[in-house]
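Starting off with a structure, shown below.
All chains are identified by letter, namely A, B, C, D and E, in their written order; residue positions are counted from 1 within each chain.
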Amino acid sequence: MVPLSWYLIFSAALFSIGLFGVLSRRNLIAILLGIELMLNSVNVNLAAFWRYGDVTNITGQVFAVIVFAVAAAEVSVGLALVISVYRKRNTVIADEIDMLKF
Amino acid sequence: MSSWVYIGLFLLVGLIIPVGAIVAAWVLAPKKSNPIKQTTYECGIETVGDSWVQFKAQYYIFALVFLIFDVETVFLFPWAVKLNSLGMFAVIEGIVFILILIVGLVYTWRKGMLEWV
Amino acid sequence: MDFLKDPLKVAADWLLGIFSGWGMPDLWAQVLIGFLGIFILVALLMVLDIFLVWIERKVVSRFQSRIGPNRLGPFGLIQPFADIIKLLIKEDTTPEGADRTLYNLAPILSMMSVLILWAVVPLAPSILGVDLNIGVLYIIAAGAIGTLSIIMAGWSSNNKYSLIGAFREAAVMLSFEIPMLTVMLIPTIFAGSMGIGAITQAQDTWNFFLAPLAAVIFLIAAIAELGRSPFDMGEAESELVSGYNIEYSGMKFGMFYAGELLHAFTFGGFWAILFFGGYRFFGLEQVSAFLAIAILFFKAFIGYWIIMWVKYTLLRIRIDHMLAFNWKFLTPVAFVLLMTTALMNALLADASNWLYIGGMFLSNILVAWISLEVARSASRWERERVEGTGYAARRTE
Amino acid sequence: MTVDQIIFLVIAAGTLIAAFRVVTTGNLIHAAFWLIAALFGVAAIFAILHASFLAVVQVVVYIGAISMLFIFAVMLTRKDMRDQGPQLNRNWGFGAFLAALAFAGLVFLVHGWSGVAKTASAFPSDFDAVGALGNALVSPDAYVLPFEVASVLLVAALIGAVYVAYNRK
Amino acid sequence: MSTETIIWLIPLPPALAFFLIVLFTNRNKALSHTIAIGAALLSWLGSMIVFARALGVERLGERPFTSSINWLATGDTWFKIGVLVDPLTALTLFFVAWTVLMIFIYSVGYHNFGQPEGDHDHKGLPPHGATVEEHGSKHVVPSVEPMYSRFFAFIGLFAFGMFTLVVSDNLLTLFVGWEIMGLCSYLLIGFWYGKKSARDAAVKAFMTTRIGDVFMLLGIAYLYSVTGALSFREIFTETTLHTLQIIPSGVLGFSTAGLIGLLLFIGTVGKSAQFPLHVWLPDAMEGPTPVSAMIHAATMVSAGVYTVIRMFPLLSLDTQTMSVIAFIGAFTALFAATIALAQNDIKRVLAYSTISQLGFMIAALGIGAYIAAVFHLITHAFFKALLFLGSGSVIHGMEHGVFHTGKHEVDPQDMFNMGGLKNKMPITFWTFLIGGFALSGFPIVTAGFWSKDEILADAFAHNLPVFLTLAVAAFLTAFYTMRQITLTFLGEPRTEEARHAHETPWTMTIPLIILSVFAIGFGWIGIPEHFPLLGGLVPNWLHEFVGGTLAEHPEAVEFSWTPLLTSLVVALGGLGLGYLFYRNVNSPAEDKLQLGFLKNKYYVDEIYNAVFVKPAIWFADKVVYQIMDKGFIDGILHLFGPGTQGIGDGIRNYFDLPFINRFLGDGSANVTYFSGEKLRVIQTGRIQQYLMLALILFLAIGAILYFFVFSV
């Protein structure tokens, strides 16, 4: 039997790799890829807690399914914004999109 | 033993057989390559420019609509499984769920965003 | 007699006995047996695939008033084997600038996506395959890998035609997955389970009689999913030459080709399983597992024949028409049908069996008729608007 | 070490390597394909956890739809994929430090948590996870509201994203 | 359908209407208003059914209609949301449904539906009128509002917020409805966003009410942290209330109940425009004339009072809080009434009168007169709605005159431009007169008399200073109301425009007539039993019905002649004096009450500007922007950036340039400018760096909490 802590450490590692991607990639799409990894690590946690808790209590899976919906919404809007930005400014490099400072 | 082990085995076999076939061909087939053979096939005409051309936004929009409805059906499958035992209330809930999404479809349709050209 | 009834169990027990005799741990023996069984099944499928090539060629010839392969062996039966030898010894070129890893991975994934579908196919009452309780979604998941392989092939070939072909194909496959998923919910509702085995077993009445419209929509979506004519956007010989597999040759092309044929046959099988009772035929399936398999394959061949019939009869549709047909007609109809079915299912829950079947059948016919009428008047409106005649033109002036 | 532990470690290692390639590889399309590999690994983890539904949904939604969306989006923003400039920004070293710190913190929390010693319980004989999920999603005293709100969220995302991405001439 | 189902469904149609209009029918004006009015009608129907069924239940207060569902999983328990209809809710639903429906219908006429599109109308500006040719001559007619559909979408959303607030059984959904209305208020005040005054007013209203909302949210959070519940039925149990009463809060000697009550009350002060957060309401008159004004008079501001009434069991636990409430209410009543005396804008007079009347209700609650407050809330909603719609009708008629003469500089809202409208607009006049008399408390026949009399009677019995203040305020109310009526309707027309004013279409007059019926008739449900002659003819139904909401049935106040005579004298005296004073006044110069400090609303706006706004701008500019943003945050980001150009430039800007430049004798201004300019370009706007900073802080706070706070 795989111990619960392995799952948690695995998901922590996945989360940290995603976090690194979000913090360090220049390309906006790559940043979104990192976010996907982070969301997945959350789902791993939810599924693991479901399996190692009371399996008849399905809450963990419900949450995971809702995370799927949130991820879908997030990625669709995020990529749409990237495409829109690309169309207006002809770049998807995060550093070059710095209108926030004005 | 979990039935997923069999799925795993299936994946394995499903990989082995095509790989085996391709490796067999690789072993048997002659290898006399030259630059002309390796050019990109474009009906005999020299390729101009980069192959990885930019695509139109419409592809993205269809993929987007697909994604949303895909996730929706994911929600609907557990609903459908339990439909017989849950009665009228669950049916109404599902219908409301679908109707809300159809509103989105109708909106994109009415705004002319489902047109290919 | 047991062997006829349940050959798998007999064979497995026999092998288990042998392996245990060799002193192998029980777990390992079971895994090994599973592996062997799967390997044999997949190998048989590949043989079937070879004959599918022959069938396809024969059938298309008859449709086109030709004879087809007739030289090698009786009725040209040896022809496909000759094809294989040719594919094996043909030189395999890789275009320059190709993304080699993905280029080689794509045909493998394409074949794999078809083969793993058979994991969940219930061949006989005693051979339910892997009876996952989420079988219906598993079909879609395998289809996702197929789409992926096409994108991979198109992208890695470094060729404009293949890239455009792959993206069009992907757009079509994605789009038609929605009505397909939606109508797959309908057998799920009837069976109360997503397991393919459970769906087969629940069909005391074939689902076709409960949901004829769903069966039709499933077939249309399946043809689009297969990328066969009239939805063969990915290949589109006349404009994209051969689409996503343009740069492939030799066995790699063979994988795409064989994968497509087996895919078509497999979907014929799923059509039979979801809507025509799978291996069930008036209790005959209980006699022998072999008979059940024969029944399933017979039904699958009928489905496959219809897919071929459509392919060689209809012309390719333009991509904008195809997508418009999906999003503006098929998807809404599928959703309306799903809602109607769910509602009727709840309303007729306590009704007698015949009333239930009749109500379901009639509601399907009604939905089909109304949606066709709506589509007809909408297209008339559109035509009159374009041509400048009739009420629509006067209204928009 | 038992067999399933070895299987888990192999899958986890593969997933993490794929995830690492996602955030480091230069070619965005490759990053997207590596993401698919990582997501497939996560699906396998779900399968090990006996969460069949999540495993299949992971493949259907993430590999079938979300990664397609990514690939399409990359194709729509072509210029930068050929742009082989640095793929990491100037602060990447600090980003890596922070990510490592976050990982250390999470591991520390896991280490200090008493519940980590829990073991998985056996499934009840007639347990149907998908059915239970269906019950939970539509029962009035459970998650019916999130269920309906999810559809509203999806519609909002659909309308918003299509509106933003649509190219008005 | 069961009553509970209907209650759940009441708020829904307007919300659906909002989405339908915004998403689909934006182009089609007729369809938009049909959907909106249809939705309002459905809600109205639902409310009436619920109200009728509520009447049929004996002792509804003890057995209200309730229904709740699980909403949020909080660990193993669920946070529930639900609906509740007790007598208070039933009555509130009644008047809200009526007034909302009336606004919807009225808006059709007010926004000139059916008129042609304007010649130069722009979105975001009031319509300027359209030129049409008729009988061979060109003339200008009112043109239809360019953003007609949007208006109906907004008021649909508004109605959703109001209904949600009224039917909710817990503070959280109440707060959700409250905030939705805040948003709609902002959108509607700034509806004509092309006008700077409208934009400013919208921002002002939003920011001012936000101050109250923050405190209210704090109160809700505090309440939840103490009791673990937000549902009214759970909070108002004896044990919970007792717990709240005995635990001291540690702030100024308030009990927990008192402090929570006070925080919630501050929310009401913002929403119901009580002193000192009243400043937004008069400015809110920048919205489309009668409608948004009417929202800010009859329904939305009532929501604030409704909340206080709803929380009365909690508030009444602490006498200190009650005194604060009574003081603020009474003071506002008098304060606003005096300002109203000197206003010339027909809508501003009503705006201040609204503030004043809301003060009456708050004061009544503060002295414990629960039923009187509810009574006045309802009657006020009806007659104030009537007055506002009437004033809108007057303005509309005046605009007609302006179009006729073509002199656009004439202000159609200035009462000194009117006069003699009685004959031009008879329906408007009579209904306005009824509303005005109800507001003044004209004896016996009007609803306002009964409710105001009850407040005065209660005040007399419990708190004499409040009684005196309110009496003076009531006198002033009658006085300025009569001033308004006299200036607007009586006498001779003072301008050409007034001479050509016109009665408004039926969509506007029908609501006026319906509301005037309520403005008269609604008082009869609450005639005190010991009232001379009339008492006992009609049983005091309201007292029985509303009183049932509270656990302890409040005792009716013993009858006394003093408050009755007072209210008779102040009402009749005010009206009479108002008529006598303004009978012959024709211009602002002749008006002796145009005192500087009244005209300028006691300079409250100016004081706020000097005390809050200017320092805030200074702080934002000098401290936050210059030091925090540029110096501190950028500095941190700067330091962490790996040693590249960033650090090099930073060192150059922070050390080299200042030192060397100063050393060389360059001006320090030059240095500041140059370094600021450099910093601005190099180091902001990178979203990932902000994220890093957020993460650093998160990790730091997490570590501190883990090691120092929770480990103890």
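The criterion applied here is as follows: a contact is a pair of C-beta atoms (placed from the backbone, for glycine too) under 8 Å apart; a residue touches a chain by one contact, two chains touch by 3 or more.
In this text the structure is predicted, and so the values were computed from the model without any measurement.
Peer 1: If we look at subunit B and subunit D, which chains touch each of them?
Peer 2: Joint contacts, listed by label: A, C, E.
Peer 1: So using the touch definition from the top, which pair is joined by more C-beta contacts, A-B or A-E?
Peer 2: More C-beta contacts join the chains of A-E.
Peer 1: Sort the other chains by how far their Cα centres are from that of subunit E and give me the top one.
Peer 2: C
Peer 1: Could you state the distance in Å from the CA-based centre of subunit C to that of subunit D?
Peer 2: 28
Peer 1: Round to the nearest whole Å and give the separation of the Cα centres of subunit A and subunit D.
Peer 2: Distance between chain centres, rounded to whole Å: 6 Å.
Peer 1: Measuring from the mean C-alpha position of subunit B to the mean C-alpha position of subunit C, what distance in angstrom results?
Peer 2: So the centroids are 14 Å from each other.
Peer 1: With chain centres taken as the means of their Cα atoms, state the distance from subunit A to subunit C in Å.
Peer 2: 33
Peer 1: Could you list the positions in subunit A whose residues touch two or more of the other chains?
Peer 2: 19, 23-24, 59, 65, 68-69, 72, 75-76, 79-80, 83, 87, 94-95
Peer 1: I need the residues of subunit E touching at least two other chains; which ones are they?
Peer 2: Residues 23, 688, 692, 695 of subunit E each touch two or more of the other chains.
Peer 1: So which stretches of subunit B touch two or more other chains?
Peer 2: 7, 52-53, 55, 57, 59-60, 63-68, 70-71, 74-75, 77-78, 80-83, 94, 98, 101, 103, 105, 107
Peer 1: Touching pairs of chains, all of them, please.
Peer 2: The complete list of chain pairs in contact reads A-B, A-D, A-E, B-C, B-D, B-E, C-D, D-E.
Peer 1: Could you pull out which subunit A residues touch subunit E in their complex?
Peer 2: 19, 22-24, 31, 59, 94-95, 97-102
Peer 1: Residue numbers of subunit B touching subunit C in their complex, please.
Peer 2: Answer in residue numbers: 1, 3, 5-7, 9-15, 17-19, 21-22, 24-26, 28-33, 35, 37-43, 47, 51-53, 55, 59, 62-63, 65-66, 69-70, 73-74, 76-77, 80-85, 87-88, 91, 94-95, 98-99, 101-102, 105, 109, 114-117.
Peer 1: Could you list, by residue number, the parts of subunit A that touch subunit D in their complex?
Peer 2: Touch residues, subunit A against subunit D: 1-10, 12-21, 23-27, 29-30, 32-34, 36-37, 40, 43-44, 47-48, 50-56, 58-59, 61-62, 64-66, 68-77, 79-84, 86-87, 90-95.
Peer 1: What residues of subunit C sit close enough to touch subunit B in their complex?
Peer 2: It comes out as residues 27, 30-31, 34-35, 38-39, 42-43, 46, 87-97, 104, 107-108, 111-112, 115-116, 118-119, 130-132, 134, 136-137, 155, 157-161, 163-164, 167, 170-171, 174-175, 177-178, 181-182, 185, 188-189, 192-194, 241, 246-247, 250-252, 254-255, 319-320, 323-324, 327-328, 331-332, 335, 338-339, 342-343, 345-346, 349.
Peer 1: Which stretch or stretches of subunit B touch subunit A in the complex?
Peer 2: Subunit B reaches subunit A through residues 57, 60, 64, 67-68, 70-71, 74-75, 78.
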